[in-house]
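Two complexes come next, and they have one chain in common, subunit A, joined by subunit B in the first and subunit C in the second.
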Partner chain A sequence: MAHIPDGVLSFPVLVGGGALAAGAVALGLKKIGDEDIPRTAILSAGFFALSLFALPVGPSSVHLLLGGLMGIVLGTAIFPAVCVALLLQAVMFGFGGLTTLGVNILNIALPGAIIGSLVAPLIYRATPARAALIAGVASALCVGLTGLMVAAALALSSADYMLSARVMIATYIPLMLIEGFVGGFCISFVKRVKPELLAGAA
Partner chain B sequence: MSLLRATDTHEHFLARLDPRSRIISSLLAVLAAVAMTSLTGQIAMVVAALALAAIADVDWRAMLHRLAHVEGFMIVLLILLPLTMPGRALIALGPFALSDAGLMRAISIVLKVNAAVITTMALLATLEPVRLGRGLASLGLPARLMHLLLFLVRYQSLFREEGARLMEAMRARGFRPHANLRTFRAYGNFTGMLLVRSMERAERVEESMRCRGFSGKFPLRATRALSALDIAFTLLLALILTGIILLDRLA
Partner chain C sequence: MITRILATLALLALSAWPAQAHRLKLFATLENGTISGYAFFVGGGRAQEADLRIKDESGREIAQLTTDKSGAYSFKATQAQTYHLVANTGDGHIADATIDKGRFSGASAVISEANDDSNDTSANATTTAQIERAVDAAVARQLRPLMEAYEAAESRTRFNDIMGGIGMIIGLAGLALWSSGRRKAKP
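Entry: the complex of A and B
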């Protein structure tokens, strides 16, 4: 749902998004230590694989965006991680696009980076139950912000998209709920099984 | 890895092109596709993209399958634009009216998106991800980003298989997905388990890489110079694209 294809957005939005995303990716890369590359890369591959699973929910199925969880686990490394993941998806599966890569990176990674770095220290210190609550709210919030950013990218591109953008925001509400619950239960599980996973960004 | 016919393994001339030439060519073509303003230009770009796909000898069934797999995003936009954009009403059904301007916009989006996707598939989906990574690195992208890309290519299929096994085990224990809290808890545990497994795998790989003296850099293979074929292909494509852009602006 968050993969805007080539050919929808206007040039100023594409250029602006591309420039901001390039800066964010460079910043994220700088923060990864030389020796942390394998660890960050393999964790990113885990998140990428997770995002490709279509999870059946009722009559439909969802793909998780994972912005919140990635932000909590990877910190600012979320930018390069999402960058390579979206590039591969565009090239291998035709989802998203090449010109929209920057905008799509920001839409998914920016909420995750900001909210993730804010809550990661809290989650690291909290009990599993509290950590789950924080992570759940953070995950849902990230999905909501991604929805708002997708809508904003459309609305900024052309006034004609205005109403469509508003309706699109509504489609993110069920996704927020699902990802909130899944993210919360996920962190509760990780807290009990392997809390070191949460030490990186905290 | 790719759903398309593996052009790389055949004696196809695209396979002999340098990845850099293919990356630059597809970027140019996608930019041109996005820049089209008239219906004539948009149709011409779709024709050009199909021609490229024919040259690349793609598997048409796999291609159609991918094009048909439009995302929810596009569906929402394509349904809403004709209904919400102001313009002359073509058909009115009570409060809903199909506007001509909205319909035209929807058609132009379908054409542009498809031209871009077809081009990307023709030139890049047929390229081995490893060669794509090397090509991007020699075009000046940070080596570190390319290391991430190569690890992602290597480990994503492994974790997808691992995830599929976890799912199968869940089903074997009687898990049936519904829209309820129990399902979300199961998915949360599934997500957490896959992350824990990736973390454990990462630790093992990190240790073994350190044993072999990894200090953050892989030796990068020296890139060969671009051949005449590489330059000719990209230049010819750029020429054709310029022609289409002129056609678009004059139409």
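Entry: the complex of A and C
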């Protein structure tokens, strides 16, 4: 779903996405401090491994995106984290293309970066239960935004790849629920065990 | 810290063990002049009711089909030419497959079945065509499971690859830490 393969998107969409993603990754790298490197790497590895696993849902199949979770913990460092993981997935497994790398990075990381940066200060101050709720809603929202961005990238490229609203709803709504639970659970766990992990992006 | 990172990674790797990957693929084969196959997710079921378009060599669309409940489709090829198939699930999964013109060399006899009797004047030619057709059908029937297994195996996510990717990410993090350490040590 979020791994758009080569040869699907039109040239302007690829170039636009590539340029924006390059800028975002550069910005993310610039703002990474020494103490951010290990958690960026851990979440990048987690995203790399977990988003390889898909479950059949309805007429299609879904996998975790973790955009909300990464955005909350990493802030703008989500861009290099997603960039490295997607590059490895494309090269090693053919998940998503190399030419579409920029667009795919934006689709997954941009909602996470924006929503994550917005809610991270709230989560930092909240109780674990509240933090879980906020993180869950934020994670679900990120999945929805990623879906909309994928739809926009495909619709801008060619009328051939018209998306079916029915399939989108049937696959993204369950995924939003799953991601909401995963995001909420992870953040409440971190909040109780190692709350200082959430201080960086806040 | 290091042990904790390693423990996390080991957990991740273990969770990754029953390797299932996420990618739409399109299986297509040619049997008796009929292109058939199915759209499937690597390790994650079939693409039901996906849109399937068939194009000829020049990129002109000749047919638009929908896969059934088990992701399957079939299409009767009318000419010996290269067919290009594109499957689209409607949520951003797109896959393609090509049936090459060369695959039709024997099957062309099958396609023009109706004309066979009128065209072939000698009994000898008919027999040759019949044998060719029978061999073609038999080979296609026997090859199909092999091709299906190959398609499935080709893009299977392997444990070693996942570990390799995670190792690469750790390496990058190490490199970043090392270079920032050097920067700090200099002044």
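Quick note on the criterion: the second predicted complex is superposed on the first by the 170 of 202 C-alpha atoms of A that agree within 3 Å, B and C clash if a C-alpha of one lies under 4 Å from a C-alpha of the other, contacts with A are read in each partner's own complex, and residues count from 1 in each chain.
The definition used in the following text is that a contact is a pair of C-beta atoms (placed from the backbone, for glycine too) under 8 Å apart; a residue touches a chain by one contact, two chains touch by 3 or more.
Keep in mind it's a predicted model, so treat the numbers as computed, not measured.
Q: Thinking of the overlay built on chain A, is A:Ala54 touched by subunit B (first), by subunit C (second), by both, or by neither?
A: Touch status of A:Ala54: second partner only.
Q: Taking the superposition on A as described, I'd like to know which of subunit B and subunit C A:Ala85 touches: first, second, both or neither.
A: both
Q: Go through the superposed model and pick first if A:Phe189 touches only subunit B, second if only subunit C, both, or neither.
A: After superposition on chain A, A:Phe189 lies in contact with subunit B alone.
Q: With the two structures laid over each other on chain A, which partner does A:Ala151 touch: subunit B (first), subunit C (second), both, or neither?
A: In the superposed model, A:Ala151 contacts subunit C only, not subunit B.
Q: Between subunit B and subunit C, which one contacts more residues of subunit A in the superposed model?
A: Per-residue touch count on subunit A favours B.
Q: Scan A:Tyr172 for contacts with subunit B and subunit C and give back first, second, both or neither.
A: A:Tyr172 contacts subunit C only, not subunit B.
Q: Give one of first, second, both or neither to describe whether A:Ile37 is in contact with subunit B, with subunit C, with both, or with none.
A: Touch partners of A:Ile37: subunit B and subunit C.
Q: Taking the stated contact definition, name every residue in subunit A that is touched by subunit B in one complex and by subunit C in the other, in rising order.
A: Touching subunit B in the first complex and subunit C in the second, residues 1-5, 7-8, 32, 34, 37-38, 40-42, 44-46, 48-50, 52-53, 55-56, 84-85, 88, 92-95, 150, 154, 160-164, 167-168, 171 of subunit A appear in both lists.
Q: Subunit B touches which residues of subunit A in the complex?
A: Interface residues on subunit A, with respect to subunit B: 1-8, 11, 14, 25-26, 29, 32-35, 37-50, 52-53, 55-58, 64, 69, 73, 80-81, 83-85, 87-88, 90-95, 97-99, 150, 154, 160-164, 167-168, 171, 178, 181-190, 193-194, 196-197.
Q: Which bits of subunit A are touching subunit C when the two form their complex?
A: Residues 1-5, 7-8, 32, 34, 37-38, 40-42, 44-46, 48-56, 59-63, 84-85, 88-89, 92-95, 147, 150-151, 154, 160-164, 166-168, 171-172 of subunit A touch subunit C in their complex.
Q: Under the stated contact criterion, what part of subunit C meets subunit A in this complex?
A: Residue positions touching the partner: 1, 5, 8-9, 12-13, 15-16, 19-23, 41-51, 53, 86, 88-96, 155, 157, 161-162, 164-166, 168-170, 172-173, 176-177, 180-181.
Q: Applying the document's contact rule, which stretches of subunit B touch subunit A when the two form their complex?
A: 1-3, 26-27, 30-31, 33-35, 66-67, 69, 71-74, 76-77, 80-81, 84-85, 101-102, 105, 109, 112-113, 115-117, 120-121, 124-125, 127, 129, 132, 142, 144-145, 147-149, 151-160, 162-163, 167, 177-179, 181, 183-185, 187-189, 191-203, 205-206, 209-210, 214-217
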